[in-house]
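Two complexes follow with chain A in common, the first pairing it with chain B and the second with chain C.
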Partner chain A sequence: MVEVKKLKKYFVLRGKGLWGKKYFVKAVDDVSFFVKEGQSIAIVGESGSGKSTLIRCINGLVKPTSGQVFLDGESVVGLKGNEYKEKVAKKVQMVFQDPTTSLNPRLRVFDIIVEPVLAQQRVPKAQLVDLVNDLLRKVGLDPKLSDRYPGELSGGQCQRVAIARALSVRPKVLLLDEPTSSLDVSVQAQVLKLLNELRQTFHLTYIFVSHDLGVVRNVAERVFVMYLGRIVEIGPTEEVIDQPLHPYTKLLIESIFYPDPNVEMKKPAIVEEVETTMNAGCRFKSRCPFSTKECEIYDMKPLEASRDRYVSCIKWEVMERWSS
Partner chain B sequence: MKLVRLALKNRLAKFSLTIVSIFALLALIAPWIVPYKEQALGEPNMAERLLSPSLRHPFGTDHMGRDILSRMIYGARTSLFTAVSVVFLSALIGVPIGIAAGYFGGLVDNVLMRFTDVFLSFPPLLLALLIASTLGKGLFNAILALVITWWPWYARLVRSQALSTKSLAYVEAARAAGVSNFMIMFRHILPSCIAPLAVQCTMDMGSAILEAAALSFLGLGVQPPMPDWGLMISEGKAYFLNYWWVPTFPGLFMLVLVMSFNLLGDVFRELVDPRLRRRMLI
Partner chain C sequence: MNELVKFENYSLTFKTLYGDVRALRNLSFTINSGEIVALVGETGCGKTVTALSIIGLLPENASQTGKIFFKGVEVNHENVKRIRGKEVAIVFQDPTSSLNPLYSIEQQLVDVFVSRWDIPKSEAKEKIDGLLRQVQLFDVDRIRRAYPHELSGGMRQRVMIAMALACEPSLLIADEPTTALDVTVQRQILYLIWELQRARKFSVLFITHDLGIVAQLADRVVVMYAGNIVEMAPKKELFSNPLHPYTSGLLNCALDPRKKKLPEPIPGSLPSLTGLLDGCIFRERCGRVQNDCGILTPELAEVRPSHFVACHLWREQRG
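Moving on to the complex of A and B:
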């Protein structure tokens, strides 16, 4: 359904002054993966790991430096105009992080929801009204809200509107860019439940971006762990969270905050700063307690750890033995 | 339209809006209310030259014996017409250019803004002189000269607004929804420019009246015997010492109207910028 091949996105920055030295930020560096139809995958990683850039490459909001993106087997990189509408916007829609900014405050809920539909073709008004009422009911909102402005709705309601908008063209794939991180904890659970239900009703494929592993466990079947533009671990969600193989995944999972005063918090094992220069070898080596000379020449090629599990670490077997 | 609603709650805004409306109304119904219509349009009346203000001629008569009040009311037409056309035409040219430059960025932005800068570098009066000498004197050429030097300000204003709007998440969301660039500019970028544009247009109305009057004063704008405040001041300046009323009353009218526009623009600006709103308790 969605395939990404050797995708790279480098942002060019300039140093100070007119002739400042150019340097690159490798937001996404040589990422390849495949998502089957109906699957729900999550991309996790700390901020700056390139997860948002990666999904923006999928729907063309960001133009990749190199590499390919395939939707239903068709290459979609760099499409414009009608081709983009036909081959991308009709199939892939996106839900953004903060609904209070991703919905135009000057438009009514009705106009917000039908915008993607009208971008595709002209549709009679009566049909649009039916569509909006139906969608609002499906996302658990009162159809009466359709003539309200986003400013008159709560954060949770706004995110439901954003979801309804994304579903209005009946896409096959939904890209979700931290759809719950700007919501209250109580509302988060409701929205996640809604997303799970909608996936069943509309047979959707989810590509979910999050840094919250609790959320990921709730919605994703598979998880991709990203670190500085690279995918470092792939596997079924439960397995990855319960038995992480990559040292970075371990760090990420240890850093989950459990708000229970009776349990003493374990300090993350690794506290060093993120390496900012991009030398050869493993990206994680400067923060990794297991790194050795070999790590400096390792090209981060994924290794198959078990069936359906890949890890980009040459030390994972050593670590397994060490920790058991 | 939130702006208008807010403005109607503000005393200063109501005051200046009333004055502007009175002038607009006078201009509209001028032919039916002025006491001496033919004189207002330029017919001389040599028997009554330079009469001081009296009941018959509340603001006196000028060097050709014409009733100054009548000519002033007609002059409101010229002034408002000039101001509205200059502002409207400038916005008409500047807004699309500014939106395109801000939204597309990169090369498009560079080309459009350098083009804009060229026009920005024309000194308005010199350009008006040039146009008057090549295309001839007259109101329309004065408007043309003003528009040529004014639209770049609108392009710049709108460009900066478009730049800040285009990075908002809802514009990205519209792109992801497959909305065309044109529709994004029309539905998302343009509406966000309306408030600052309203402020700029109101403020500029006053300046446009002044500049047009300046051109008329120099003999490059409205031509005699048409009624115009700038022209009336220009014609009256020779008589100022002995017959003070000839240039004074048109000047006062202009002062009041221009000041009202400026006040209104100030109020609008403060309403648009919430940080300034606290000062609005006057």
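Moving on to the complex of A and C:
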């Protein structure tokens, strides 16, 4: 359904002054993966790891520096106008992190939801009313809310409107950029339940971005762990969380606070602050307790650890033997 | 254990154009010295205003009834200045907006020392190195000269904690100190607070909505809903035996990455705080409503040793 090949996105920055030296921030660096139809995958990582840039490359909000994105087998990078509408906008829609800023405050809920539809084609008004009422009911809102403004709705309601808007063109893929991180726990639970139901009814493919592994465990079948623009580990959600292989994934999982009062407070592994200047070799080496000379020349090519599991660490086998 | 802070029937109302917003209703609870109390609840339930009430940082349209005692003395407009920034220090949610961008870290830390201890600047400067090392900022020379934007989020929050420690407070208020930070940094910051608290035995009022953090950090938990305390108990007791339907709802919403279990959401949303409601504030979302819930406001009562709940379901068991 969605395939990404050797995708790169470098942002150019300048040093001090007008003639300052150019340098690159490698937000996404040589990332390849595919998502099957109907699958739900999650991309996890810290802020600045490139996860949002990656999914924005898929729907064309960010133009990649190089590499390919395929939707249904068709290359879609750099499409414009009608071709973009036909091949991308109809198939892929996005739900953003903060519902209060991703909805136009001057449009009524009705107009917000029909905007993507009208961008595609002309539709008679009566048909639009039916569509909006139907969508609002599907996302668990009262159709009466359709003449309200976003400012009159709560955060959870706004996020439901954002989901309804994304579904209005019947896409096959939803890109969800931390859809619940700005919501309260009880509302987060409501939205997650809704997303799971909608996936069944509309046969959707989900690409999630999240930093909350508790959320990921409940919505995703596969996890991609990203670190500074690179995918460092891929695998089924349960396996990655229960037996992480990459030292960075291990660090992430050790950082979780479990809602269980019997877990004792333990000392975190001392880790250096993230290095932003990129040298050759493994991106994680400066924070990794196991790094050696070999890591400085390793190109982070994914290694197959077991069936369906890939890890970008040359030491993973050594570490596994050492820890068992 | 002696009581450090005590709220007694404390209510807070904000006068607004749309009517009175009853932000806090009849709060009664204590923070003992040397314990970590977690204040848990969702957005708008009154966690932050509860904390700000202690140090008198409320906006002008607030009117309060009831009493707050600090070390046995009632807090009022005059003596609050002797508490704020001295006996009580606060670490806010967003370290970026709570540090002054125009002053270096050194200048800001010196200010704290000078106003708290009334010592000359030169003496204050000598104390900074040790303080920064305590919050595990080892690159002292650079950080002294740095301006807030030159530091990462985690480092800024450490500086905020350093400022709080400079006051040598008996109560540290931490208002969601890690929500703006990454998970790996979050664990470091929370461990730092926990370790410092164990070493110096000050009290912590920890405000959060993350039950995972509560489970590991807190000694005692106060659960708030729409301006009311609905339940209060020691941590293990609360997690293993939640009595209020809202608390069990919250616990069912918490996601545990170790197992796949879809959360069970609490239906509905927060009630408006403007109306004066009789009866239980949670009744519209509660799955176990009885007749009394619409008429009588349940009072917080001790139904098991040091386990308090405000719910009619447990009325018979009251001692």
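Following the convention adopted for this analysis, the second predicted complex is superposed on the first by the 319 of 324 C-alpha atoms of A that agree within 3 Å, B and C clash if a C-alpha of one lies under 4 Å from a C-alpha of the other, contacts with A are read in each partner's own complex, and residues count from 1 in each chain.
What we mean here is this: contacts are C-beta pairs under 8 Å (C-beta built on N, C-alpha and C of every residue); 3 or more make two chains touch, one makes a residue touch a chain.
Just so you know, these numbers come straight off a predicted model, no measurement behind them.
The superposed arrangement places chain B and chain C next to each other on chain A without a clash. With both structures placed on the common chain, the touch criterion links A:225 to neither chain B nor chain C. By the document's definition of touching, of the two partners only chain B reaches A:165; chain C does not.
In the superposed model, A:43 makes contact with neither chain B nor chain C.
With chain A as the common frame, chain A serves as the apex of an angle whose CA-centre rays point to chain B and chain C; its value is 80 degrees, to a multiple of 10. In the superposition on chain A, contact is made by A:116 with chain B only, not with chain C. Looking at the shared chain after the overlay, A:2 reaches neither chain B nor chain C. With both structures placed on the common chain, the touch criterion links A:76 to neither chain B nor chain C. Which of chain B and chain C touches more residues of chain A is settled by the count: it is C. Once the two complexes are overlaid on the shared chain, A:101 sits against chain B while remaining clear of chain C.
Chain B and chain C never share a C-alpha pair closer than 14 Å once the two structures are laid over each other. Against chain C, in their complex, chain A makes its touches with residues 46-47, 154-157, 184-190, 192-193, 196, 211-218, 237-238, 241-242, 251-268, 271, 273-274. Residue ranges on chain C touching chain A, taken from their complex, read 42-43, 152, 154-155, 182-184, 186-188, 190-191, 194, 209-217, 235-236, 238-240, 249-267, 269-270. Every residue of chain A that touches chain B in the complex is listed here, in rising order: 59, 61, 81, 84-85, 88-90, 93-94, 96-98, 101-107, 115-116, 119-120, 162, 165, 169. Touching chain A in their complex are the following residues of chain B: 168-170, 172-180, 183, 187-188, 191-192.
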